[in-house]
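You will see subunit A twice below: alongside subunit B first, and alongside subunit C after that.
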Partner chain A sequence: MTFDTLTLILLGGVVLGALYALMATGLALVWTTLGIFNFAHGTFIALGAYIAWQVASPEALGGGLLVGALVSVVGMFFIGMAVYYLLIKPFERSADIVVKSVITTLAGATILENLISIAWGPRNKQLSAVLTGDLQFFGLVMSRNEAAAVIVSLVILAALGIFLQRAPLGRAMRAVAQNREAAQLMGIDVVRLYAVAFGLSAALAAIAGVLIGSIRFMNPLMGSDPLMKALIVVIFGGIARFTGPIYAAFIVGLLEAFMTYAVGLYWSPTVLFAIMIVVLVVKPEGLFGKHRKSV
Partner chain B sequence: MRYSPSFARSSGLIPTLVALAALALLPLVFDGNYLRHLLVLAFIFAIVASSWDLSLGYGGLFNFSHVALFAVGIYAYGLVAKTLGLSPWLGLVVAGGAAGLVAALITLPIMRLSGIYIILVTIAASQVLYQIVISQSQITGGTSGMVSLPGLELFGYRMSRDGKIGYYYLALAMLVASTILLYRITRSRWGRAIVAMRDHKYYAISRGMSETRTRLFTLTVSAAISGVAGGLYGSYMRVASPDNFGLGLLGLLLSMLLLGGAGTIWGPILAAFFVTIVSEALAEYGAWRNIIMSLLLIVILIFYPGGLWALLQTAREAFDVVRTQAIATLRRRSGKAAREALTGGQERIISTRHGRVAVADGGGNGPALLFIHGNSSAKEAFAEQFKAFRDRYRVISFDLPGHGVSDNADPEQDYSVEAFADVAEDVLQALGVTNPLVFGWSLGGYIAIELAARGYPIRALSVSGTPPLRVVPEDVGKAYDATSHFALASRRFLSPSEVRDFATSTTGPRDRATKHLHRAVMRTDGRARAYTLGKLQIVDWPRQMRFLRAAAVPFAILNGSKDPFLNHQYFRELKLTQWTGEPADVVGAGHAPFLTMPAAFNARLAAFLEAVEKGNSMSQTTDRPTIPE
Partner chain C sequence: MTQPLLLDVRGLDGGYEPLQIFRKIDLQLAHGGSVGLFGPNGHGKTTFLRTLSGIIDPWDGDIFFEGVQLNRPGPRGSRRWRNFNYDAVTRRRMDPKSVARAGLIHVPQGNLLFPDMTVAETLSIAPYASSGRASASETLDYVFKLFPRVQERLGSKIRFLSGGERQMVAISVGLMAAPKLLILDEPTLGLSPKLRGELAAAILTIRQSGVPLIVVDQDIAFLESLIDTLYLFDHGRISRRIEKADMPTHEEIMKLMFGEEHR
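Moving on, here comes the complex of A and B:
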């Protein structure tokens, strides 16, 4: 393995890790607060990308990438809230909400996926790059676009971290995640908070979608593979801490990059999933988890 | 022990046989190849969905690799039948074995996990299987899958010939076989362990069940069934596609399971037909089909969470209410003379606070003697007493609401011990009777005690088959014998054999004297059973007990000594103040001594009534004399 290959793998892993971190954090946000797993998260990624494309692309409205991304993030926030009220809220008091939310979010994903396919067609599209050209530092070469993706991801995650640590709404969210009944007794409107958590998660998915759409191609099914990766990441990192999935995302990103090199494109997902199963068996609370949050 | 009759004695037998006969005869009547194709798919999906129900519904294990194991079955069939070129029938067997084996491997990591973690691991396991299939393209055909798999043949007859009729009957037979197997499992020791693990894991473990073994059994067996179905699917479609590992098929089958109602086995089978046919009916709408199907699923889950199975139950309840009311109306018109001949009294309809009830009035100027019948019976139960006591008393009896030829009533308002006591008051008032002597049988005994305890003036009180209760439900367990058909008393629906069991336990085997009471069980509004016994807890039992202890009204208990429902020791321990002219139990009689041994019973009742007349009913606290068995 030459130095160039190594850096290539490392940088590729970092970019993947940044994207996975965004997606996994969104997924973990819903999981920690609501205790359910949102299978529509992958479709949120696709829908966010397509909304941004609709606003930004010169073939459509031509508003530019920044406006497109903004519209997409705000739009997805409200779509996420709507999805919560339509698909999760009705089963809030149901004993088998975990399995029911699996089926309703799967159904919701099917609906959105097919709507995307009806509205925009099944063919691949691409968002324009955030930045063009290459970046050189310490002898490493990286496209500016990918560097921008990494930086945007990290900034967004840092902002989210501060929001959860400091902002009243963010603290309320953590409170509900820790003890729903106690939080409710303190006067927190749990239902509204759940909706906000879902909206935030969808907004994060939209950002991830925009970044993926500008680095790779987009199609109605673009979210299903990232969803599976985000699932691995969340399990790797555990959800006990906000930062768990972020560390895990970079580990998984790097692992995947190395593995693709070492065992080939086809085998690397198998190995990843196998590692995930091992982690779940040995340490169900995740590599960075302290205690287990069981639902 | 929980009452759970065999399938042949349950009310599901007849509908199942009818549906099975209809499906078996369908290809002979209809020749449509497309319908047959749909039904073959529905049969296969029904096997997969109902076997999934064993782990997800009964076991509460969110095993989301079930559909991937179905796909493993498809591929295993393909490998055996095509790649290795062995017998396709062997392929079916290997498909089941392979799916079971993989399921056992998946069980290892989820042995100690619970809830959502099981979902995650099993989904990840499905992905691993998918990735393995994709990556081994030289064996499995990669993303394009395996095509033109060999079909099944039986003695040289290709199953796909004659409009796939062979596959139709094979799939139907396999559905029947898998359903029988699943049904037997759910009723076996294993089935009880699976449910116990779901309902109360730690209690089940403390009673000696092994969580590991139960999980391994549940997942392996359900996967093996699903795997065989996969093999059948592969032989029928002749394609093994990696799409079968995807979320699409998972969603379709999960929707069958949830639409049908998890934990029922029958629900998913029903829903498999529904979903397959609706989904195919929408086939021409392309992408809109998936949207409509998903919307339908969400709407049903929100507004009808019990699924199709619950819908079926609702329909059955509605039908049963109409059926029982129709019987009542019909009998009121046509059988009046026969009923009057039985009692010798006059039948009339009286409006009460709780609907219209039928009353038999023996007439005459003697003191009124009111008989109140028990659960799922009728006023004609007292035919022998009408004859025996008509000379000295004005014998009166009435059909409770929802019983006999009275109307069905509103279950919330009208089916409870207290409402029935209201009815008794209204009947007595309408007949212009004051200060009656009251005899109540079984449930009617509670009504009689309730009537007296609330202060309605009566001269004497006698009950049969009615243990006075202090605390409900605790005393119910002490006073009644749980091994009898007591459990049927509160059941809403009784199958024909349960009707026979219940009527036999309460009144005796069907003969000339009891046949009208066997018929009365059939007529009784099931809601009257379910609601009245369901509401036993709200009766003011302490007031009844205070009334009995105060001994202000002469009181006698006239049980049959062989009453199958009663724990006779309980009566002895109550130490109630009562008439003790002689051992009051009717020796050798069952739950209805007045019906099966009328002479002995009437003598006892007459003795009690005579003591009341003479004012020396000898009320005193005493141990109940014991009857030598």
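Moving on, here comes the complex of A and C:
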């Protein structure tokens, strides 16, 4: 392995890691706050990318990528809230909400996926890159677009972390996640908070979708593979802390980049899952988890 | 025009479906008054209070707070609708958020609060329910004066606190919500005699500052110092209502509850 190959793999891994971190954090936000797993998260990624394409692409409205991304993020926030009210809220009080939400979010994912197919067609599309050209530093070469994606991801994750730590709404969100009943007795509107958490998660998915769409291609099924990776990341990192999935995302991203080089694209998911099983056996609460949280 | 009662509970039934825990509870509380609930464990006191604050739905009966009805009026839906298990159809009869925002604040039994949040963070979100009734910083000063220990532990996470400290934080959270009526469910449960004394003194100070209380406790002497009316809770019913003037001693109560009636 030459130095060039190594840096290529490392940079590829970092880009993947940043994207996975964005997706996994969105997933973990819903998981920790509502205690359910949102299988529609992958479709949120696709829908976010397509909304951005519709606004941004010269073939459609031609508003430019920044406007497209903004519309997509805001739009997905409200679509996420709508999905919560339609698919999760009705079953909120039933004892088997976890199982029911698996069914309803899977149903939602399928419906949204088909709607995307009908609206935009199944063929691959691409968002035009924000920045063109390459960036050179310390003898490394990275496309400006990918560097922007990494920076955008990290900035957004930092902003979310500060929001959860400092803002009253973010603190209330953590409170509801830790003890719903005590939060209710404190006069916190749990239903609205759940809706906001779902909306935020969908907005994060939209950002991830825009970034993926501008780095790679987009099609209606573009979210299913990232969803699976995000699931690995969330289990890998544990959700006890906000930063757990983020570290894990970069580890998984780098691992995946190395695996793709070492064993090929075909076998790398297998190896990843094998590693995940080992982690689950050795440290069931996740690599960075402190205590277990069962769903 | 007469001022409405602070709290007026009429014929309240409730429990955890399909098990009815308490029935036909009537409880009246005038402005400035305080009541105590006394009764053996497992007779429905906590379930009644949880119903009062809207955590679980009442089955029947009405709850008025300052003349405003807290529960959705009308009878409960039929069994079939309740079993339909879809929130869009079976609406909640009470909303804990609006109960808290109305000023009826419940400090639950053995309150675990938020294990991974610090005391300061917990207190910072506590004024949610106060809806602008009081200034948060003034209440915070009052709380620190009442519980200096809470101020010392501001930076600690709740799960590293001792039981007594956690109870102090729980009561502080209740006070931050600017209560018009404060429900304390066994505030001294499981504490050492020394801590019990400290906490009891603090609760007495709260009472003397004019906050009406509903207190559940197993210590008659402690209750007597706080309240005007004592309700004996027995098998999910209120078996007796005792005014402060003829408050019985602990032995008399024991005889009343276990000696003669259930021989």
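Keep in mind that, in the parts below, the second predicted complex is superposed on the first by the 295 of 295 C-alpha atoms of A that agree within 3 Å, B and C clash if a C-alpha of one lies under 4 Å from a C-alpha of the other, contacts with A are read in each partner's own complex, and residues count from 1 in each chain.
Simple rule for what comes next: a contact is a pair of C-beta atoms (placed from the backbone, for glycine too) under 8 Å apart; a residue touches a chain by one contact, two chains touch by 3 or more.
Keep in mind that this is a model prediction, so the values were computed, not measured.
Engineer: Once subunit A from each complex is brought into register, does subunit C clash with subunit B or fit beside it?
Structural biologist: fit
Engineer: Just to be sure I read the superposition right, which of the two partners does A:F91 touch: subunit B = first, subunit C = second, or both, or neither?
Structural biologist: A:F91 sits against subunit B and subunit C alike.
Engineer: Using the superposition on chain A described above, determine whether A:F39 touches subunit B (first), subunit C (second), both, or neither.
Structural biologist: A:F39 contacts subunit B only, not subunit C.
Engineer: Quick one: classify A:V281 as touching subunit B (first), subunit C (second), both or neither.
Structural biologist: It touches subunit B, and subunit C stays clear.
Engineer: Touching A:A182, do we find subunit B (first), subunit C (second), both, or neither?
Structural biologist: The second partner, subunit C, only.
Engineer: Looking at A:L231, would you say it contacts subunit B, subunit C, both, or neither? Reply first, second, both or neither.
Structural biologist: first
Engineer: Give the label of whichever partner, subunit B or subunit C, reaches more residues of subunit A.
Structural biologist: Partner touching more subunit A residues in the overlay: B.
Engineer: Touching A:P168, do we find subunit B (first), subunit C (second), both, or neither?
Structural biologist: second
Engineer: In Å, how small is the closest CA gap from subunit B to subunit C once the two complexes are overlaid?
Structural biologist: 5
Engineer: Using the superposition described at the top, list the residues of subunit A that contact subunit B and also contact subunit C.
Structural biologist: After superposing on chain A, subunit A residues 90-91, 94 contact both subunit B and subunit C.
Engineer: Please output the residues of subunit A touching subunit B within their complex, sorted ascending.
Structural biologist: 31, 35-37, 39, 86-87, 90-91, 94, 96, 98-100, 102-104, 106-111, 113-115, 117-118, 224, 228, 231-232, 235, 264, 266-267, 269-270, 273-274, 276-278, 280-281, 284, 294-295
Engineer: Can you name the residues of subunit C that touch subunit A in the complex?
Structural biologist: 53-55, 85-88, 96-97, 100-101, 105-108, 111-117, 121-122, 124-126, 128-131, 173, 177
Engineer: So in the complex, which bits of subunit A are touching subunit C?
Structural biologist: 89-94, 168, 171-172, 174-175, 178-179, 181-190, 240
Engineer: Which residues, counting only subunit B, touch subunit A once they are in their complex?
Structural biologist: My answer: residues 56, 62, 64, 108-109, 112-117, 119-121, 123-125, 127-128, 131-132, 134-135, 247-248, 250-251, 254-255, 258, 262, 287-288, 290-291, 293-295, 297-298, 301-302, 305.
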